[in-house]
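One structure, pasted below without further comment.
Just so it is clear, A, B and C label the chains in written order, and each chain counts residues from 1 on its own.
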Amino acid sequence: MAYTLQQLSDIEDIKLLKHRYFRGMDTANWDLLNSLFADDVTVDFRGGGYRVTFTGRENYMTFLKNSFHSDAVAMHYGSMPEITLTGDDEAEGYWYLYDIFIQADTRSQTTGTALYKDRYRRIGGEWKIVTTEYDRLIEFVGPMDASTQVTVQYLATRGLKPEERQDIRHLISFDASHG
Amino acid sequence: MAYTLQQLSDIEDIKLLKHRYFRGMDTANWDLLNSLFADDVTVDFRGGGYRVTFTGRENYMTFLKNSFHSDAVAMHYGSMPEITLTGDDEAEGYWYLYDIFIQADTRSQTTGTALYKDRYRRIGGEWKIVTTEYDRLIEFVGPMDASTQVTVQYLATRGLKPEERQDIRHLISFDASHG
Amino acid sequence: MAYTLQQLSDIEDIKLLKHRYFRGMDTANWDLLNSLFADDVTVDFRGGGYRVTFTGRENYMTFLKNSFHSDAVAMHYGSMPEITLTGDDEAEGYWYLYDIFIQADTRSQTTGTALYKDRYRRIGGEWKIVTTEYDRLIEFVGPMDASTQVTVQYLATRGLKPEERQDIRHLISFDASHG
């Protein structure tokens, strides 16, 4: 059994879509990110002590801009794709995430992994993310080692400054029971 | 020179096979894992201070269930595949692993990388792992930082509880000289 | 829209090229690395406090051999490829790097990520790296935790010994302003 050329092309394009998502997040490339989501995208991220749930591309962009701001030191490393085509213009995918997030001002560090389950749809000829959710597999939270210095922080000059940020607490619920 | 459609399909399917392996391990998905190995699979993992060697799918499942148990905080991040088709139904592959393993009760942490060399065979229409081995490239062992808290541990409720575990010391030899 | 079989084959081969690059570096496989670059390859790596710039495969090999020497504990984990074919024998690619570098003698540790932008060319039937550059996204520098032991260091016996090393300061400029 073999895939068709169209199927292999679609699998490659869906991988590109998600690679752009992680690159866009860690480089504050909002135009790139805005092109990746369906208008009615739904999100459900279940972390340790937080749960992020909302609908719509505009909410997604607000969430991303206000999470990966000028005080964020962020790595989102997503790989190990398992893409399944479920129709001519529909697909599903697992991705495995390894992420580091340091709040530069407080030096609080969160390190973890998560398993994404996404659905994709071809809309106007382009693959878009239509639903995305994850469950955390492991997560640690603690202070960054006192003698370690942050020597590069790409988002410092590109992320939203404190006075530019919006409150996004309506998109997140904080509760130790999510962990 | 180009690959055939069948060859590109096989390469994609072998990548899926190994992605499922790493996902299965970190989520205690024993049914998934059990479907990935040839009956006579052979294993040889050469780590720092340990060497794991055995034959057979049943031993492999025993090893996995008793390594990624309810006290394990585990990440197995495998990527950078180099798949070579060596016959119509045979292939080889390199994979690069980055892994974190924390023993939740003792807070001992092992972090490392390894280079896998695998052989795959199509059996009954499905690609299976027939031999897998790795050499560690780097490895560190130490206590987890005292002020860092584990906030998510997926295996805690899904891995084998202490009273369910089997002794697997016959599958592993411990010797500082393997490092 | 679909890729051709040749295009999908080229994308796979370019992924292999870069996977070999990272594997070669962390295993001191100089023959493998030497086969991956165009003769007139150009390099520009912009890190925190350092910038590496030069031209030519010979300089590249000198740089690699003298960076990943017998005192280096090194991980170069590159993934999330975004390969764009720009001609029959030309391509570009983004790659996301996560790397750890520990100087074993001083126990100084650098951890970071970088976004690579490469250009590739098919030369004599083989894809080669013709330009490679990166910008650091995040970087931390600090001492390795005192109670953590390095238990495997693959490069210790394979990397260049102190007396075999060459001075490579002409290939690197050190300046806090690059961060």
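Rule of thumb we're sticking to: a contact is a pair of C-beta atoms (placed from the backbone, for glycine too) under 8 Å apart; a residue touches a chain by one contact, two chains touch by 3 or more.
The structure displayed is predicted, hence computed values, not measured ones.
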Task: Same or different residue numbers at the subunit A/subunit C copy interface, by half rule - done: different
Task: Copy-to-copy rotation for subunit A and subunit B - C-alpha atoms, rounded to a multiple of 5° - done: 120
Open item on the list: I'd like to verify one number: the distance from the centre of subunit A to the centre of subunit C, where each centre is the average of its C-alpha atoms, in whole angstrom.
Closed with: 26
Open item on the list: Where in subunit B do residues touch at least two different other chains?
Closed with: 5, 8, 77, 79, 98, 145
Open item on the list: Taking the touch rule as given, give the residues of subunit B at its contact with subunit A in the complex, in rising order.
Closed with: 5-6, 8-9, 12, 16, 19-20, 22-23, 26-27, 73-75, 77-79, 98, 100, 102, 125, 144-145, 147-154
- [ ] Mind listing the subunit B positions that touch subunit C in their complex?
- [x] 1-5, 8, 11, 47-49, 77, 79-82, 94, 96, 98, 112-113, 115, 135-143, 145, 179
